[in-house]
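The structure's right below; bear with me while I get my questions together.
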Amino acid sequence: MTNKKPIDRQAMANRIAMEFQDGWVVNLGIGIPTLCSNFVHPDKEIVYQAENGVVNYGPMAVDGEEDLWLVNAGGQYVLPQPGMATMDHSDSFALIRAGYVDVTVLGAYEVAANGDFANWRVTGRKGGGIGGAMDLAVSAKNVYVIMDHTTRDGQARLVERCALPLTAVGVVKLIATNLGLIEVTLSGFVLKEIAPDYSPEEVQALTGAPLAIAPGLREFQVAS
Amino acid sequence: MRNKLFDTFDEAVADIPDGASIMFSGFAGPGTPRNLIAALHRQGAKEIHAISNTPGRWGDSSLVDLSLLVQSRRVAKVSAAFTAATHPSAKLPFTELYEAGEIDAELMPQGTLAERIRAAGAGIAGFYTAAGVGTEIADGKEVRNFDGRDYLLELPLPADYAFIHAHTADDLGNLQYRLTQRNFGPIMARAAKVTIVELDEPIVLSGDIDPDAVHTPGIFVDRMIVIPADATKEVKNQR
Amino acid sequence: MTNKKPIDRQAMANRIAMEFQDGWVVNLGIGIPTLCSNFVHPDKEIVYQAENGVVNYGPMAVDGEEDLWLVNAGGQYVLPQPGMATMDHSDSFALIRAGYVDVTVLGAYEVAANGDFANWRVTGRKGGGIGGAMDLAVSAKNVYVIMDHTTRDGQARLVERCALPLTAVGVVKLIATNLGLIEVTLSGFVLKEIAPDYSPEEVQALTGAPLAIAPGLREFQVAS
Amino acid sequence: MRNKLFDTFDEAVADIPDGASIMFSGFAGPGTPRNLIAALHRQGAKEIHAISNTPGRWGDSSLVDLSLLVQSRRVAKVSAAFTAATHPSAKLPFTELYEAGEIDAELMPQGTLAERIRAAGAGIAGFYTAAGVGTEIADGKEVRNFDGRDYLLELPLPADYAFIHAHTADDLGNLQYRLTQRNFGPIMARAAKVTIVELDEPIVLSGDIDPDAVHTPGIFVDRMIVIPADATKEVKNQR
């Protein structure tokens, strides 16, 4: 591998968070996606929703300020904020399945050029962790993914067809990886933004399916 | 008034037979019925069918959760949204037994789990959800198209017992949960034949809870035990 | 018609209420059934439930004491009582369909010897009033009916087979009429108790199906 | 913060087009959105598909309810648990038009009505209930046997708008209902594209309502109007 500097986790999360629109209801998956809530929107109101029954929760709690009865979907302590509301698990997934979530941001092992993705079982294992991902993926108005562009040993995670068992079919619209921002279109992957040190050819070489270059390709946007 | 208040956790779980199906509330930490789990472990019931979001060991591993029953081989089967941790590097006690074929699992989307429990407590014989369409979850299930979109038929998931952790209760068993402690509690209380509740706070008198602020009406609650003030961190989860 | 005195409405309701067991969850239909809640059980606790989302409500409100936000399923003002709980309509019918109601007491136009009954559409009319009766009738552990033994013009309401559109199939277990208490058994109607002024033959003559006489036939029990 | 508070009922219903489907909360009196109904009557929208427990005129006939829209021929169809009063001698305004063939109706069991609305707001494409098996209600519906018992397939019932009457709200639209005023409010707010709420009490600030005591979270609420203190009995229903 090169010693070029790929995009870090928080920057990937920030880039996805920049896509959130004013008033959106946002559900963040476990792992990197939860970092999206660290991004501060100066002029937008974002409503964070977690599948364990809370709408409009506040930022991550710092040590000593935790409320032991308030966690996000990743089990991390978050703070209450004015206007928060709680509900039971069936009402929470009712909300999700009915399409009230504007975007869900999920981690993934693989995303295919047709928008399929896999995020619950790794190769050679029995069972896995589905959690709320299957419900969210078929229900949210937008499904965005944040993941490393390749596996640790350099295998492509953006692929022609998923090898791992699917989470949902044809739903992913946008992917932030440590190498760039990729849109999933009807004709496949389109590279919209790219990590500073990389060329499109380098990113294509690490991608398992054709990667169209957007006409206005630009450097990965990192507002903080 | 029927007295639903038990003095000890051991008495509250004494009659649970081998082979019982038991729902366990809780998501990550909040709502986990740690004292009831510990009591059932002492009681010794085997071949339990556990219905729970996870098969235990989620978060702080010093705290009692379903993994205590799993590791002591009291659980024959788990119906859950997870059989493995979210990060492949973290191995749950359950996962090792499961991969070794020593325990059974029914894995499903979390919303489907919640809705199947809700259906059992709502007299609904089946429902159609889009979660899992086109995935392994659809294997063996009826796929049906409504208005141009495919859905799976899912069936209710009832249980003999529900173990629930709530915040406050009155003497009739009207329950309130605090924040995300609520999660599966209200739907499990409705779906189980016998609902057993551990409580953060001492019982109040009926009339002390606003009728509009009751989360689980007392008609769904059979037994209650207040967590003693001197309970250990392992079962109380308070610092 | 004779000038014999049939059983009055409150007595019919009281007789049915005497069947309620300690701890039962009871749902009362519109009309005469709501009068069951006037019967005081000295040694039993009865939990009254109404399909508009209230469990454990109190007695009927007297004029001037109404709470405008608290009515029973008949739209009558009732009083709150300690331990009452409210819920929304879907949670209320979830409770009903899941079988938590021990008995529902309903009015009816006709009951058949096989337990079918009809209570929502009268002859020659289009549509009708189903309300919660169909849900209650298939879900409650016991379905009891209170109605006059005949129509105003003397037609039998206890019949071999319902002529009116059914509310539910084969569910009625017990009927209190102004002429007696009738059990619905696998072999049809059985007269268990009879109005003081009437003979079994007179009641049979006003019944549209065979009426077996219970071995221990006794006078209609009217505790008040 | 988006301002959801409207100054007048007329503004809140101004954009409702002819042919809209509208849910109306309320059971007997409590929860009936009398002011919104009166405003829609002034606004004039026609060919409404009304979804409601009853088609109006339940109880005190001097009070405004759905029958106002029915009688002025603004309603093309009603989906309800009643098309006639419970006592055959009481004729509703709706029933006369219905029997004359001037208005359409879809009559169903009340629990099925509630569950169909709930399904629409829960992303459930269909469900099986035993209510109505063996009756006219089963005509044309799939009957399916689960575990030896027959059930009917019922479909979700969504709407363009919901008119709801709640008790209190904060500025984000988090709602609380009082006692049996709640009835259809929470499920209708979830099932409709646009939810419009009339309120007994002035708006409070977000943070003033305990998050565990919210009945309808603000994300389901689009417009709110506080019933003026000087409203007439016909729309306020207070003596």
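A, B, C and D label the chains in the order they appear, each numbered from 1.
By definition in this document, contacts are C-beta pairs under 8 Å (C-beta built on N, C-alpha and C of every residue); 3 or more make two chains touch, one makes a residue touch a chain.
Values in this document were obtained by computation on a predicted structure and should not be read as measured data.
K.L.:
Relative to chain C, which chain's C-alpha centre is the most remote?
P.N.:
Comparing chain centres, A lies farthest from chain C.
K.L.:
Where the centres are mean C-alpha positions, what is the separation of chain A from chain C, in Å?
P.N.:
Computed value for the inter-centroid distance: 57 Å.
K.L.:
Round to the nearest whole Å and give the separation of the Cα centres of chain B and chain C.
P.N.:
37
K.L.:
State, to the nearest whole Å, the distance from the C-alpha centre of chain B to the C-alpha centre of chain D.
P.N.:
34
K.L.:
Of all residues in chain D, which are in touch with two or more distinct other chains?
P.N.:
115, 118, 122-124, 129-130, 177-179, 182, 211-212, 215
K.L.:
For chain C, which residues are shared contacts with two or more other chains?
P.N.:
Residue numbers touching two or more other chains: 54, 80, 86-87, 90, 93-94, 96-97, 139.
K.L.:
Could you list each pair of chains that touch one another?
P.N.:
Going through each pair of chains, those in contact are A-B, A-D, B-C, B-D, C-D.
K.L.:
So in the complex, which bits of chain B are touching chain A?
P.N.:
Per the touch definition, chain B meets chain A at residues 27-30, 58-59, 81-88, 95, 98-99, 105, 107-112, 114-115, 117-118, 129-137, 167, 177-187, 215, 237-239.
K.L.:
In the complex of these two chains, what residues of chain B are touching chain C?
P.N.:
1-2, 118, 120-124, 170-172, 174, 190-191, 205-207, 211-212, 214, 217-220
K.L.:
What part of chain D is in contact with chain B in the complex they form?
P.N.:
115, 119, 122-130, 144, 146-147, 149, 151, 155, 176-179, 182, 210-213, 215
K.L.:
So in the complex, which bits of chain A are touching chain B?
P.N.:
Per the touch definition, chain A meets chain B at residues 30-31, 50-54, 67-71, 74-75, 80, 86-90, 92-94, 96-97, 121-122, 125-135, 138-139, 165-169.
K.L.:
Contact residues on chain A for chain D in the complex?
P.N.:
So the residues of chain A touching chain D come out as 23, 25, 45, 47, 49, 54-56, 80, 82-87, 90, 93-100, 139.
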